[in-house]
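The same subunit A turns up in both complexes below, where it pairs with subunit B and then with subunit C.
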Partner chain A sequence: MASPQDRVFTTSPAQLASSAGPRKHRRRIDPKIWWAYAFISPVLIFLLVFSVVPIFFSFWVSLHSWNLITPIPEMPFVGVDNYTRILLYDDVFRRALVNTFVFAFWGVTFNLVLGLAGALLLNSRIRWRPLWSTFFFLPIVTAPLALGMMWTALLNKNFGLVNALLGSIGIPPQPFLSSPEQALGCIIFMAIYQYVGYYVVVFLAGLQGIPQDYYDAAAVDGANARQSFWYVTLPLLRPVMLFLVVTNTIGALQVFDLVFAATTGGAETSGGGPANSTMVVVLHMYNTAFKFFRMGRASAMAMVLFVVIFVITLVQLWLLRHRE
Partner chain B sequence: MKGLTGMAMRRSRLTQPFISILKYVALVSVSCVMLLPFYWMIAASLMTTAEIIRTPPPLLPAEPQWRNYLDVVYAVNIGRAYLNSIIVSALTVLGILFTSSLSGFAFAKYHFPLKNVLFTIILASMMIPFFVILIPVFYIVKQLGWLNNYAGLILPGVVSAYGVFMLRQFIQGIPDELLDAARIDGASEFRIYWQLIVPLSGPALATLGVFSLVGVWNSFLWPLLVVQDSALHTVPLALNNLRTYGAEERSLNLRMAGTVLSVIPSVVVFVWLQRFFRRGIALTGLKG
Partner chain C sequence: MKPSRTLFILVVVFALTMLNACLPAPGAGLQEGVAPAGEKVKLTVLTHWGEESLLKPMRAKLDEYTSLNPHVEIDYQTVTFDQLLTKITTARAAGISPDVYHFYNLWMPDFVEGGMLDEPPSDVLADIQANYSPGSQSAVSYGGKIWGYPTELNTYQLLYNKKMLQEAGIEAPPATFAELKDAACKLAIANPDGTLARSGFVLMPGWDSGVVHPFLSLLWSNGGEYLAPETYQPLFNGPQGQATLQLYVDLIGEKCADPSIGAFGNFVEGKGAMLIMANWLRATLKDAFVDGYENVGVAPIPTGEGGVSTTLQYNWLYGVDSGSKNKEEAWKLVQWLNSPAGEGAASPIGDYLTSALGAIPSRISDQQALADRLSDEFMTAYVRSAANARAEPVLRGGQEIKTALQQGIEAAWYGQKTVEQALNDAAAEAERILAENR
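Let's look at the complex of A and B:
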């Protein structure tokens, strides 16, 4: 029988037979490959125009001073000036970098623990499982913008429900989002709330993929519940955890909507307040680009964050693969 | 052996009810936290401004103020925003489903020069975060004259590298014999795609569709940049307008009413199509 490759490239039975012999240099091109090119062309054209070209363009812009209006051939070349400016002189950008790291680190860490706990709970013998899981997953589908507004209302320092609840157990009202000390913590909390369900679903799928035999074997060897968790469940969930840590760190480093919705900005900027305590990189980049029209500088910020995400991803892959 | 299992069982019989009570306590308290924002959103959306700023706030409105929802419609024209969001989401999702299944089919079932290179490029483009290409894409859309119209909202989003990957994986599982049989019957390649591959890819298309739908419906940053004309605002943009509409204590009920209106479709779609959604998440999670 001919291999799949031959079936596509040959059109007649005679050629099919000859393909078993020495390869011919000139084969007739199968008309089906034109169909294949036609089928992939929409995706290729769109990805070229809206992904591949833009990434090089973005780097190019980061080496120039540009206000989006000057024609591209005329934008002044400034070399690495945009990079030195944002890294050495832009305090807000450095603040934003630190905040973004803090946000991603705590958000992902908490959610790994909470998500695993939630998945173990939902995987155990309980009643009304679909009901509980619906509650867990509800925030995932809700727009971050809407969730930000919902939590802003709840966390209002004067008339929010959370302060009323705290008051009923004797805790004085907290300023939450209006305090530079607490605002970032509130944002992290909102992100945990929003994405914990995602971790639960992925962990659940991982848990259900572990064969019961392994637990039986562990039980025969005299392992108790805690031991079989540490020595069977956790090691077998490693690939799932790797996936969750990598994808969610990448996502968290790009946070925008939530901060935009839940925080106030300056006179001409959006979000990140109070006093830039919740400023994150993409938000600062948005302000730089679309409030002040400094495209070069904003592109440099994008490039820096892109490199940071790339490096962090590589480090995570390396760390989590090698800690066998 | 027997003694050991017996001991374990005796212990578990003693601790079982205790553990199971603990489980339900945990489930109920977590559910309360998860539902708290949704409850407060609905309750506050029906309150008067006086009730909203009372401390401590009432847990339910004395008299539901359905008028608030009408006021939202006047304040930000949420009806128009709904229409825009429906048009944009429907066309974007249809675009994603069409382009993804078409090239997923090509990558799964044909052999052509540069196939692996092109597929690798598509996979690699999945790694490009949106913020990196935000400014160039904005510029390109501006040069194409798509600012402030549906094209700018829809077209940059009609291709999904992830969708191509997912559909290729799925279509690879469709037996080649079916395709060959159709060819012998004289079907063209496009007809094979349209009448064989598309119907057989139903489950994968449903999962991808639900995923993209929720993503597009909730998307905020891109519409915020592309659309200035309020007649073209999508629901998140209308909601954002409401966010800055009046002082917080005077308009919190309107904001929450707007939030309810914006959240309803994704929640309904989710509860209705949960299994596709969860399957999709599990699929992406296990591939790693």
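Let's look at the complex of A and C:
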């Protein structure tokens, strides 16, 4: 239960005023409340200007045709035309949505499994633990652009090192990033390589927070290692998993830099290839806005993505909390 | 006033001050008028010539101007080509537009419709009308008006590695579609595992101009059409268009070309034997061509049955932002850059384009004054090709139509659609884009 002190900061002036009942005189608002608002006002104003206002502005722009050049008051109003266009006629957007879902689903799933396995490994009495930690965590501190370029060179169909290694063990060369069938899989692999270290660190923190008493009690009850894992470790890691799934799904649905780096062969190319097989929503949005001058349509894409992320997050929260 | 209330107001004022510091300064928005007399005029110039070899000579030209005009100060900004449009539009939206920018003429319709470009003064107009070819004038015109100085002119030709052709026993560069296919198949080298160690013909997937400009050059050389002259209705999906795209699909299917060896750099590095490319690649070829610049061969675009070799031409131009507070000085600078430095001499831009970039200058007097620089085998072929060049259509939505066609072509390259379906889908998308821009 919240303490009286907490209530000062969690109750708005309006709520306090309304809770005063039918008194003749308005209850004087505690000056502390105003002070609280005053001190958090820099952050509030910053959030308002740089987060809340742009969201509403973006929605407003999505109902207009705007090329970024025309003065804002002169933007023609087009209603839901931008939404109709992207949802019914824009094949690339639909493809990008599917690719984005596939990327987010497999990227987060594999990272969860591998991240947990890595954390269990580091949590055990393994030798050279710092070395393994470095191995897992090194990619996360590398810039996605650099990683994208590195993998592009390694996975080159004709001149890449990976195909040379595959050839040495008798496996035929693979087209990898130059194949519409394999390119998205390669991008997912790059994302796993880059972010698994983050999952390992968070899972490791969760594992080390589980009191040894639970394992001791399970052992007394005759639980073996597998049973301890299923009935002690996993249930107690659920809050950690909830955090990882929700935050990383949101991040994965907004993927841009990795795809851009891995699929642009030079300053001239616009990414998402070959033949849009790795096109993701944010990259398509960027191209629509800054290459085709269609800010209204790009804003509509942003709003659709916003709704998708919102709904997926609610479902994830419901699923993972409901089962608690 | 109670001390606590005073402090409260101070905190709020502090918050608002912080917020204000994050917003553009007053007057940073669109400005108009003329700089106050006696003050030094600062001009911002934006181009995409950012590499060291291009940056230094351009800066030298601008330094020369400021030494001749001490009251002018120039802030020279450069970005890469892929960032140029973003930089121009976002700077405009933020109210910090450069005074002068160098841009691709396909972007001009949107710039004009958005009221972004200043109309050139009468003396500039007279100069352009008197000293540039009708083709160059038309390339910088939209809505019946000229919007800036035409600068670099680029056409496309078939580039080939002389040494590789010689080694393959090919005596002359291919002149027809059939010869192009035969030559590419002879020049391609396959690894034992089936991948290509060398592509006979280099494709450039992922880059709209790299896909569409060579395709249109081949399409026109096959007697086909891109868009209808007046209505801009898409015509690229006709029989000639399908035959042109089929040529590419056959090259890929018969392992004579491979989209994964797909960038002009592969031709430069010797991983490809032929390429259809614009003349601006000359500077890179001179610096880095695997077998030496003397082994770069240039030939006209191969033709289809009964076709005439035709190339696509596109232009760049220097324009002045309509919101500049120093329009008069900005136009003076642009005019100086594009005017002959003396009797019979080249303009500073003409000198720059031919020495640093390897581009063809649009100004007729530059082409005459710099004839010696344009007379090597490479440049001669490109200059000659301009006689049979067709300008890329400049229309609203042109960039989007180009991208739709690129995506259609690539879908056929990767076997996702048949040639007919890929071009018909691209044409349907082009129709939608045209309808939206009417």
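The definition used in the following text is that the second predicted complex is superposed on the first by the 273 of 324 C-alpha atoms of A that agree within 3 Å, B and C clash if a C-alpha of one lies under 4 Å from a C-alpha of the other, contacts with A are read in each partner's own complex, and residues count from 1 in each chain.
The rule we apply is simple: a contact is a pair of C-beta atoms (placed from the backbone, for glycine too) under 8 Å apart; a residue touches a chain by one contact, two chains touch by 3 or more.
No experiment lies behind these values; they were computed from the predicted model shown.
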| item | value |
| --- | --- |
| Which of subunit B and subunit C A:Gly271 touches, first, second, both or neither | second |
| Contact breadth on subunit A, by residue count: subunit C or subunit B | B |
| First, second, both or neither for A:Leu145, with subunit B first and subunit C second | first |
| Contacts of A:Phe39 with subunit B and subunit C, given as first, second, both or neither | both |
| Touching partner for A:Phe290 - first (subunit B), second (subunit C), both, neither | both |
| Subunit B versus subunit C as contact partner of A:Tyr231, first or second or both or neither | neither |
| Subunit B versus subunit C as contact partner of A:Trp106, first or second or both or neither | neither |
| Touching partner for A:Phe189 - first (subunit B), second (subunit C), both, neither | neither |
| Touching partner for A:Phe306 - first (subunit B), second (subunit C), both, neither | first |
| Touching partner for A:Leu154 - first (subunit B), second (subunit C), both, neither | first |
| Shared subunit A contacts, counted only where both subunit B and subunit C touch the same residue | 35, 39, 42, 46, 49-50, 68, 156, 158-159, 167, 290 |
| Interface residues, subunit A side, partner subunit C - complex | 31, 34-35, 38-39, 41-42, 45-46, 49-50, 67-71, 85, 89, 91-92, 156-159, 163, 167, 172-173, 175, 177-180, 263-271, 273-277, 287, 290-294 |
| Complex contact set, residues of subunit C against subunit A | 4, 8, 11-12, 14-16, 18-19, 22, 80-83, 85-86, 89-90, 92-93, 110-111, 113-116, 191, 193-197, 204-210, 258-263, 265, 271, 397, 399-400, 403, 407, 410-411, 413-414, 416, 425, 429, 432, 436 |
| Touching residues on subunit A, where the partner in the complex is subunit B | 4-5, 7-9, 32-33, 35-37, 39-40, 42-44, 46-47, 49-55, 57-58, 61, 68, 118, 121, 124-126, 132-147, 149-151, 153-154, 156, 158-161, 164, 167-168, 193, 198, 201-202, 204-206, 209, 222, 224, 239-240, 242-244, 246-247, 250, 254, 256-257, 260-261, 282, 285-286, 289-290, 295, 298-299, 302-303, 305-306, 309 |
| Subunit B residues within the subunit A interface of the complex | 4, 8, 20, 23-24, 26-27, 30-31, 33-38, 40-41, 44, 52-57, 98-100, 102-103, 105-107, 110-113, 115, 118, 121-122, 125, 128-140, 142, 155-156, 158-159, 161, 164, 176, 189-190, 193, 214, 217-218, 220-221, 225, 236, 239-240, 243, 248-249, 252, 255-256, 259, 262-263, 266-267, 269-271, 274, 277-278, 281-282, 284-288 |
